[in-house]
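Structure below; questions to follow.
Letters A, B, C and D mark the chains in the order given here, with residues in each chain numbered from 1 onward.
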Amino acid sequence: MSSKYKSLKEECYEANMQLNALDLVVYTFGNVSAVDRGNGVFAIKPSGVPYETLKPENIIILDYDNNIVEGTMRPSSDTKTHSFLYKNWEDIGGIAHTHAKFSCAWAQAQKDVPIFGTTHADHLTTDIPCAPPMSDDLIEGNYEHNTGIQILNCFKDKNLSHKEVEMILIGNHGPFTWGKNAAKAVYNSKVLEVVAEMAYLTLQINPEAQRLKDSLIKKHYERKHGKNAYYGQ
Amino acid sequence: MSSKYKSLKEECYEANMQLNALDLVVYTFGNVSAVDRGNGVFAIKPSGVPYETLKPENIIILDYDNNIVEGTMRPSSDTKTHSFLYKNWEDIGGIAHTHAKFSCAWAQAQKDVPIFGTTHADHLTTDIPCAPPMSDDLIEGNYEHNTGIQILNCFKDKNLSHKEVEMILIGNHGPFTWGKNAAKAVYNSKVLEVVAEMAYLTLQINPEAQRLKDSLIKKHYERKHGKNAYYGQ
Amino acid sequence: MSSKYKSLKEECYEANMQLNALDLVVYTFGNVSAVDRGNGVFAIKPSGVPYETLKPENIIILDYDNNIVEGTMRPSSDTKTHSFLYKNWEDIGGIAHTHAKFSCAWAQAQKDVPIFGTTHADHLTTDIPCAPPMSDDLIEGNYEHNTGIQILNCFKDKNLSHKEVEMILIGNHGPFTWGKNAAKAVYNSKVLEVVAEMAYLTLQINPEAQRLKDSLIKKHYERKHGKNAYYGQ
Amino acid sequence: MSSKYKSLKEECYEANMQLNALDLVVYTFGNVSAVDRGNGVFAIKPSGVPYETLKPENIIILDYDNNIVEGTMRPSSDTKTHSFLYKNWEDIGGIAHTHAKFSCAWAQAQKDVPIFGTTHADHLTTDIPCAPPMSDDLIEGNYEHNTGIQILNCFKDKNLSHKEVEMILIGNHGPFTWGKNAAKAVYNSKVLEVVAEMAYLTLQINPEAQRLKDSLIKKHYERKHGKNAYYGQ
C-alpha cells in the first residue's frame, strides 16, 4: 500500500477496530472516519465489511463532496453524514457512529440523557442531546446528508457548541460522536455508552433522581478541561 | 469422513459453533440446520451434545420426512419443526433455534417486539411476531411438527412473508430464525437478540416510546434491501 | 497425593472450578461437594481459598457427622448444610451453593421463581421454591445445620420431591442445588441462574405475564425426563 | 528502579491493575493508593495514565500534606481525598476509588444501598452509606480535600465506624473504599459493586423487599469477623 494517505487510512482502521474491541458494535453496525484537513479528504470504513477481515488498505478516501479519491470498495452508507459534519465543523478531526445498546435505547426512547453525576460532568456540562426524528421530506430526500442537517439544527435549537458537546443521539436511530481525531471520537462513543447506562440504572433505582447541581458540574468539568485543569499529564 | 454430505455437515457444524461463539446459547439449548435442496435432505445437530465435543461428523442427515439418511446419533429434539419449515418454505436454506435470554423473555411475556429504531428497520419493517402458545391438542399431539404449523399460522394471521420477516418468537418458548443458509439463520438469531434487548431497554427508559415512523422504516429497509440498495459491497 | 479419596477429591475440585468458569461466583462466594456413598464420606472445598490457588489435594474429606477424615484445611463454612442434606437425601451425589446474582436477587426478594417458559420446564415442572428466612432461634443455634432443616421443611410444606426439583432459594441468602453428582449440581446452579434471569426480564417486559400452561409444562418435561424421552443421546 | 519505596509502588501498581482486571473501571476512571505508615508516605496512581501503559515506576510517592516525595508525573486528581483519609484514619492501609456502574448508579440516585441479604452481611452490618452531595462552598473550595471532610461527616452523622464499614458512596459521584491494605480496598470495591447490583435487582423484582433481619445480619457477620469466626483459613 504505497499511498499518500497511508497514515490516514491506518488511523481510520485502528479507530474502527477499537469500536469492536470496546464492545460498541455487533457485526458491521458502526463506522469511524478520520480527516486530513491539509489535503481536504477523509478516510472511512467500507460498507458492510466485517471487522475480522477489514484491512487498512480497504479504507476509502473521499473529498468533502463525497467523491472517491482512493479505494475500490463502496464507502459506509453513512458517509454523507460524515462529510457534511467535516464541511460544517472545520475543527473536528474524527467522527464515530455506533448502534451501542444503551445509547440506542435512549435514542429510541427519544430522551436526552440527563446529567446525573460526575462521570458525565467530567466530559460535558449539559444533558446529552437527542435530536428529534427527521421530518418525512428530509428522510425521503438525501437522507444521510440530511442527518447532518438534523444534527446542526439540534445544536442550534439547544444553543450547544460542538466543541464542548462532542456527542449526540439521533431519535430512533443512535449516536454520533466526534473529536479532535478518530481515536477521540471513539473514546466519546464509549463515554456516551457508559454514561447512558449509568443514567438508565439511576432512574430505575430512583425515578425522582435529580440532576447534578451547577457547582459540581462546573468543578468537575473545569478540573479536567478548564484553564487550571489538573487532570492527566 | 467420506460422505457426499461432507460440505453440508461442515456448514451445519460451523453454524452451530457460531451460536455458541455469539453467546446465544448455554449448554446445549439451541440447534441449527442447513438444507441441501438438490438432494432433498438437511443436516442438523445431534441432540444434547455439548459444543466442546461436537464434531462435523456427528451431524445428522435427514430427509424432509425425518428419516435418517446418514448419522448414528439421535437428531435434535426439535428436528420436526425444521423439516416442516423446509417442506413448506422451499426457498429457505437454514434454520436456527436458541434460548437466548432477551428473545426468550419477550416470548415468555407473549409480546411482539415493537419496531422502535433503525437497528430493527435495517432488517425488517414490522414488529417481530410472537406466536401464541399452542392449543392443548396440538401440544399433546405431534408437538414439534405442530410447532411448525403454529409458525405458519401466525404468519398467515398477521399477513407476513417469511422472505421479509426471517424470525419469530414462539410464546412461552423462544425464537426460531431462518435465512438463505445456516450462517444467515444464525445472523438473524443474533440480530433478534440485539433488537429484543434494545426494545426492552427502550421501554424501561420510556414506557410511552413510540414506534418508528413509516418513512424511516422504509428508508432504512430500502437502503439495505431495496432495488437501489447502497449498503454493503 | 496417594489417597483412597483421590478421584473423589478430583471430582469435587473440577466441579468447584466449573462454578468459577460458569461465572457463578466472585472471589470465594460459593462451594461444591461430592459424596462417596460406599465409604460414607463427602469431599468439599476448603473455606475461603481462591480458585486461582485451589488444588485437588486441598479438598477436605468428612463423614456425615462433620468429622474430618482427610485434609489439613478448614472446610467450607457451609459444610453442615451439605452433610445434613447427604444424610437425609440418600440418593443425591453432589451439592452446590453460590451467590450468583439473579438467584440471590430472587432470594432477597423472597419470591419463588415462576415457571414462565420451556427453558424452565425442560428442567422442572414447578416454580423454583424460595424458603422463608429462618426463625431467630434456628439462626442463633446450629445455623448451617438448621439451614438444612429449613430446606427440608420447605420441600415438605410445598409438597415437592427433591428428585424432581433439584434446586431451592433460601430467603435473603441464595441458592442451593444438587444432583446425581457434583457436576450435575453445578449444572443445576447454572440453569437456575439462567431461568432466574429470564423470569426477571419477563416481568420487566410484562408484569402480568402468565405461568406456562400445564400441557406445555408436561410436554417439555416428559420429552427430556419421561419414560419415552427423546432428548439427548 | 532503586527506591526505598519500590515494594510500596509495586503494591500500589498491582492493586490498580486489579481494578482493571475486575471490570471496575473503563479507561482511567479510578485510582488506588497504598500507605507506608513507618515512613509517613503513600503511593498513588499518576493521573490519566491508561492501564495498558502504566508501570510500577510511574507510581507517585507523597506525604500526607500532598508534597511529592518521589515521582515525576502528576498524581491522581483525587489525591487530596486519599491523604485526608490517611491522616484522619490512622489504621487504614489502602484506598480505592472507581466509577463502577452499579455503585455510581446508587450514588447518582442518592440512596443508601439497603442490606437485603447475606452477601452484604458477610461484609458489613448496615446499609452502605451514601453521603449527600457537598455544599456549594465546599465544592468551590479545596474540593478533593473537602470530599474527605464530607466522608468523615457522613460517618459521624450516621454513627458508623470506618473499621466496620469500609465503603461509602459520595452522592452524584461514586464509591470510595478502604481496608488494611490496597488489595483489601480493591476487594471492597468489588464487593460493593456486587452488592449494589444485587440490591438493584432485588428492588426490581420486589419493590417492597424487606431488609435482612437483625439475627441473620449478626450471624453472618460474626461467622466471618467475630471472635469465634470460622470462615477462611
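Methods note: a residue touches a chain if its C-beta (ideal position, glycine included) is under 8 Å from a C-beta of that chain, and two chains touch if they have at least 3 such contacts.
Which chain is which protein? Per UniProt: A, B, C, D = L-ribulose-5-phosphate 4-epimerase.
No experiment lies behind these values; they were computed from the predicted model shown.
In a homomeric contact, the two copies may use the same or different surfaces; for subunit C and subunit D, under half of the interface residue numbers are shared, pointing to different surfaces. A straight line joining the Cα centres of subunit B and subunit D is 47 Å long. Centre-to-centre separation between subunit A and subunit B, using Cα means, comes to 33 Å. Shared interface positions of subunit C, defined as residues touching 2 or more other chains, are 204. Chains touching one another form the pairs A-B, A-D, B-C, C-D.
For subunit A in complex with subunit D, the touching residues are 116-119, 122, 187, 190-191, 194, 197-199, 201-202, 204-206, 209-210, 212-213, 215-216, 219, 223-224, 230-233. Contact residues of subunit A toward subunit B in the complex are 26-27, 29, 46-49, 73-74, 77, 99, 101-102, 104-111, 133-134, 136, 139-140, 143, 172-174, 200, 203-204.
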